[in-house]
Amino acid sequence: MQLWLIPVLPLLGFLLNGLFGKRLSKPAINAIAVGSVVMSFLWVVKTLSGLGAFSGGLEETYKEHTYTWIQSGTLNISVDFAIDRLTAVMLMVVTGVGALIHIYAVGYMAHEGGYYRFFAYLNLFMFFMLILVLGANFLLLFVGWEGVGLCSYLLIGFYFLEKFATDAGNKAFIVNRIGDFGFALAIFLVGNHFGTLDFQTVFAQIKTMPVEASAGLFTAISLLLLVGATGKSAQIPLYVWLPDAMAGPTPVSALIHAATMVTAGVYMIARTSQIYLHSPWALDIVAIVGLTTAFVAATIGLAQNDIKKVFAYSTVSQLGYMFVGLGVGAFSAGIFHLMTHAFFKALLFLGAGSVIHACSGEQDMRHMGGLRKYIPITMVTLLCGSLAIAGFPFLSGAASKDLILEAAYEHAPWMYWVGVFTAGMTAFYVFRAFFLTFFGEYKGKPASGHGHDDPGHGSHGSTHESTPHESPAVMWIPLVILAALSLGGGFINIPHFLEPLFPAQEGEPARWLEYVATAAGLAGIGIAYLFYVVSPSLPESLASSFTGLYNLIYNKYFVDEFYDATVVEPVVDGSRQLLWRMADMRVIDGAANGIGTTARGIGGILRRAQSGYIRSYAAWILAGSILAIAYIGFMGAAR
Amino acid sequence: MPFGPLPAAVPPSWYLTLSAILFALGVLGFLLRRNIITVFMSIELMLNAVNLSFVTFSYVLKRVDGHIFSFFVMVVAAAEAAVGLAIILTVFKNRQTLEIDEVSTLKN
Amino acid sequence: MDAILFMIFAAIAVICGINLVVQTHPISSALSLVGVMGALAALYLLLGGEFIAAAQLVVYAGAIMVLFVFVIMLLNAGAEKRPEIKPLGKYLGAPLLLVFLGMMAYWVERLMPPSSPVVFGAFQGGTAAEIGRSLFTVYLLPFEVTSVLILIAIIGAIVLARKEVD
Amino acid sequence: MNFYLLSLIKTAIVVGIFMHVLAYLQWIERKVIAHVQLRVGPRRVGPHGLLQPLADVIKLVTKEDILPSHVNKVFYFLAPFIAVTFALISISIIPFGPEITVGGVRTAMGLTDLNIGVLFILGVSGLGVYGVALAGWASNNKYALMGGLRSSAQMISYELPMALALAAPLLILNTLSLRHIVDGQQGFYWGFIPRWAIFQMPFPQIFSFILFLIAGFAETNRVPFDLPEAENELVAGFHVEYASMKFASFFMAEYANMVTVSCVATLLFLGGWHPIFPEKYGSGLIPVLIFGASALLCFFHGANPARPFDRITLPVFGVLFLGAAGLFLIPMVQPILLPLFWFAAKVGVILFVFIWVRATLPRFRYDQLMRFAWTFMFPVALVNLFITALLVALFP
């Protein structure tokens, strides 16, 4: 089946573009970058159909051994790739959406500097993401995990000339470190207790283990894994990096920070669901974390003015939904939502990118408006995405979200109500963004603010006329496809597809749950329409009447400031005072210098032997060899 | 070595001893001579001595490998001669001398 | 007969070797080295290494040493003045060397497994066919590597010895 | 019969014949060149100058042996001997014919046969350069030195294409022993095309034959490659300081090398002593016809002579030729003589080409010489070798 080919193709793209990209022409770079991803998508399709995934096959995990990586003592870690139905879904999402976004990026990045660098990073990301998804053991998963983290760092800081971009990159990286730390610990625990890191063997062992005896172990592992997941999937308390990550180019935000990478945490928890299921209350924590995140992020999203920020917070909140789904035991629903979210959130981001592109780099919604006559295609597609996320009936978002909410109701009714409220807010702020962008009249300052928010566009903004313009076909065609997916994606019955892995919920949930959720969504849409189309003056008055609350939300609950005060400052001071002044300058430097001086002294003695005459060297060699031969000879003679 | 009436055929160890003698001569030349070319030739002499012992061993063990090794030694010697003589030419071009001790820039 | 041949060629080899060391003029040394090589070729024949003998003639005596002679003639290197040997070398070197030789001879005699004396034709494994066979099967990789080495040497020699154009 | 005695006898025969061949080769060369240039050539000493070589030898031996004062004595004396020795050694392994039985003694024509004959010849011819180089260097004379330098560079350069050209037929015949090589060229395609190496499938070695001949010209310092002794630039090149017998020995070496190269070419490419077309078509009668025809020619010219004493000499030659022709008709000596005849004929043709070229072609310039070696001969030889190897591998 050559599973290894799936990740290796993007890797080839990365190598080609990364090594020779400077000398390649743009068409060549496009061909390599897009071609590799598309090819790997096709290969995924071929493999899956070969495994019968589309025709009810692939009940069992199909595993392929590539080579043995680490072989030490009893520990035996090999690079295996495995496909089960979960992986199949992830593969389709990653490669499919990835391919679309690559195509989109060709148009979006057309005028950027570091073109080849961008696509090289993107391909590298695809490689690691596929490794993450395909990996058949914890270590491989971790490799992919770190790899995508690296790529996200590189791509967030893509405009590395801009301070805030690099800062955002560092932030993402450091925050993720915390999560990865937990993940690593979890892996150590697993390896320590099961003697192997291979998923199948570990889970097989778990099935036979007494639950109550080892509950503590499972709880520890699952909580540590959760820490990792919160880091990667931007859950409370580690969500702070994601909004800043919007400093990267929009396709990156769409691919990495909406569709694929941030869902890695969800995937990981679903993958290790066995461990969670055997822990008494780890899942509840997952659910609570998810719910809180969903709610908080949604509230923050209400008041953001940067269109990408809005979608970023909505991403966080949707991820929260997925966690809720996982936490209440509806893993398949979580994965389902993961997929649909990949569709409509990618769509939203790409649409936002198209809008930004149209406004020559403007990201602040207050400077947009009335764009519907300029960029109809973008508007329509964005409308589809917004409806989908708002849970409009029969659309993809609704399908998955309702499943999650129903499962939440089964689990604990209050979770359901919070979820419904959050859904309402989601609908509200998404359509707020939509209306602000497309309705009203155009408020963009002509030829102003060119790329001062999205500096990469500084170059290309000036090349365009200042009135908004529709994006090229290479950009809106992926939009259309994604729009179609987010409309119809709900009818792909993922839960049924995943039943072999995650048995379906027993019992038919009450119908009214769906109605209430849908109603909440529609209500949100209505309120948004009322606020931003009918009487645009209403929001200001509202904000002024609830100033404190508004500021709290507007400043994202001051979480960043809080973290700065509590975590960052102490660490910085500690390292400066203690580590730098004391440890580094005194101890380490002192030792290094001491070694240096000693070496110089000895050398000063030894250099007398260096006469510079080849002959004398040869004489030394001769003497030495004579001694050696004498020694050997005597030894030999002795025997 | 046992002296006395010369046997009809000599044991292989004599060949080895001969190669040792030649090697020693090579070393001597390397140590005593000052002309780069001669020094170089002394090295070649040592290589030849080693070859002789290789061939002798392959006679003793009745295996062809020794010949292969000496063949490789020859090839390497050829390459070495090409490069070394080129170097000598350049040295001479730059310093108008072949005295090995006057080419001791390594010193100090 | 074998012993006599060995003695003859060994004597030639040793004498030429000594000549190489004591002659002051490089070209004399070169010629004596050619003598050594010829004698060694004969000894290889005695040892059954006919291919190696031929290669010795072709490669060493026929090519390498010609190169040496060529360079010597090209540089027209005169006789070197007798080296003044450092007291260390004078009083330590020669004895050390003799000791070295003595030890070698002794241990060679001592440690060599008792083996049949060298008779011409007793070992037929050194034919060109045999060498070629193992050269292109067992030792294929080293062979290829040496070819690369030769290539590098050629390029290096050209680069080193070419006259600067300017 | 005792091995040593047999070897002695054979050596005596071969060396005797060989020396005379060398001596008369020069006479032939002078004659041929003379006729090419519409001259008569030597004809004072003996009939048609047939005793000229003898006279030359006497002259060279009795000449004063000048010893220049500024030469390096040892090498000055050594050089000619080295040259002539290595020139003569290689004749020792050249087979002239198949195994024959003379007086109940079965022996091979030719002194000996090495398993590595070709390699041996290459090695020896490589050593031959020392004579020239040393002569040039020891003469302590700038012309001589230039000659020596040139010859050593030239010989090194041309040994590569020579060896490569030799390697190609060896791939087909896969042996290094000259005798086996000749055996490998026995027989005929479709009954009349000889299976000589230059015709032999899978890849006729015509190219390597030509390459080998050219390289041979260079190895023997013959025109157009006689740079080492280019009279009009280097006076006489490496042997400018040599006189009398030493000088002669250089010439002997040159001619011996010519003969060796011709023999090797014959053995490797022209099928040695195998006839040019099968016995059953009467190839055995060719010598008879040739000698008979030349006898008739002699009689005719004797009948109406250009010069008075031709009336005596030419008929004598005619009679001799007739005798030779008759000799080839005796069945019992045919197996001995026919191979010798074919071998000699082929070698003679190549030698004639040597002389012919000398009479015809001008001399290369030195840089042309080197460029020719490295940019034409070497690549072509490589390609030829490659193709041969490929075809041999494909159609074993």
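The chains carry the letters A, B, C and D, assigned in the order they are written, with residues numbered from 1 in each.
Convention: a residue touches a chain if its C-beta (ideal position, glycine included) is under 8 Å from a C-beta of that chain, and two chains touch if they have at least 3 such contacts.
The structure displayed is predicted, hence computed values, not measured ones.
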Seminar exercise, completed: A student comparing B-C to A-B should find more C-beta pairs in contact for B-C
For this session: Quick one: report the Å distance separating subunit B from subunit C, using the average Cα coordinate of each chain.
Result: 5
Seminar exercise, completed: Note: subunit D sits from subunit A at a C-alpha centroid distance in Å of 84
For this session: State, to the nearest whole Å, the distance from the C-alpha centre of subunit A to the C-alpha centre of subunit B.
Result: 66
Exercise. Between subunit C and subunit D, what is the gap in Å from one C-alpha centre to the other?
Worked result: 32
Problem set entry | Contacts with 2+ other chains: residues of subunit C | 51, 55, 63, 67, 74, 89, 93, 100, 104
Problem set entry | Contacts with 2+ other chains: residues of subunit D | none
For this session: Check each residue of subunit A and list the ones that touch at least two other chains.
Result: 619, 622
For this session: Identify every two-chain combination in which the chains touch.
Result: A-B, A-C, B-C, C-D
For this session: Over in the complex, which subunit C residues touch subunit D? Could you list them?
Result: 27-28, 31, 34, 50-51, 53-55, 57-58, 61-63, 66-67, 69-70, 73-74, 76, 127-128
For this session: Using the touch definition up top, name the residues of subunit B that touch subunit A in the complex.
Result: 27, 30-31, 39, 100-101, 104-108
For this session: Quick one: which bits of subunit A touch subunit B in the complex? Just the residue numbers, please.
Result: 610-615, 618-619, 622
Exercise. Which positions of subunit A touch subunit C when the two form their complex?
Worked result: 619, 622-623, 626, 629-630, 633, 636-637
Exercise. In the complex formed with subunit B, which residues of subunit C make contact?
Worked result: 1-4, 6-7, 10, 13-14, 17-18, 20-21, 26, 29-30, 33, 36-37, 40, 43-44, 47-49, 51-52, 55-56, 59-60, 63-64, 67-68, 71-72, 74-75, 77, 80, 83, 85, 89, 93, 97, 100-101, 104-105, 108-109, 112-113, 115, 117-119, 122-123, 125-126, 130-131, 134-135, 139, 142, 146, 149-150, 152-154, 156-158, 160-161
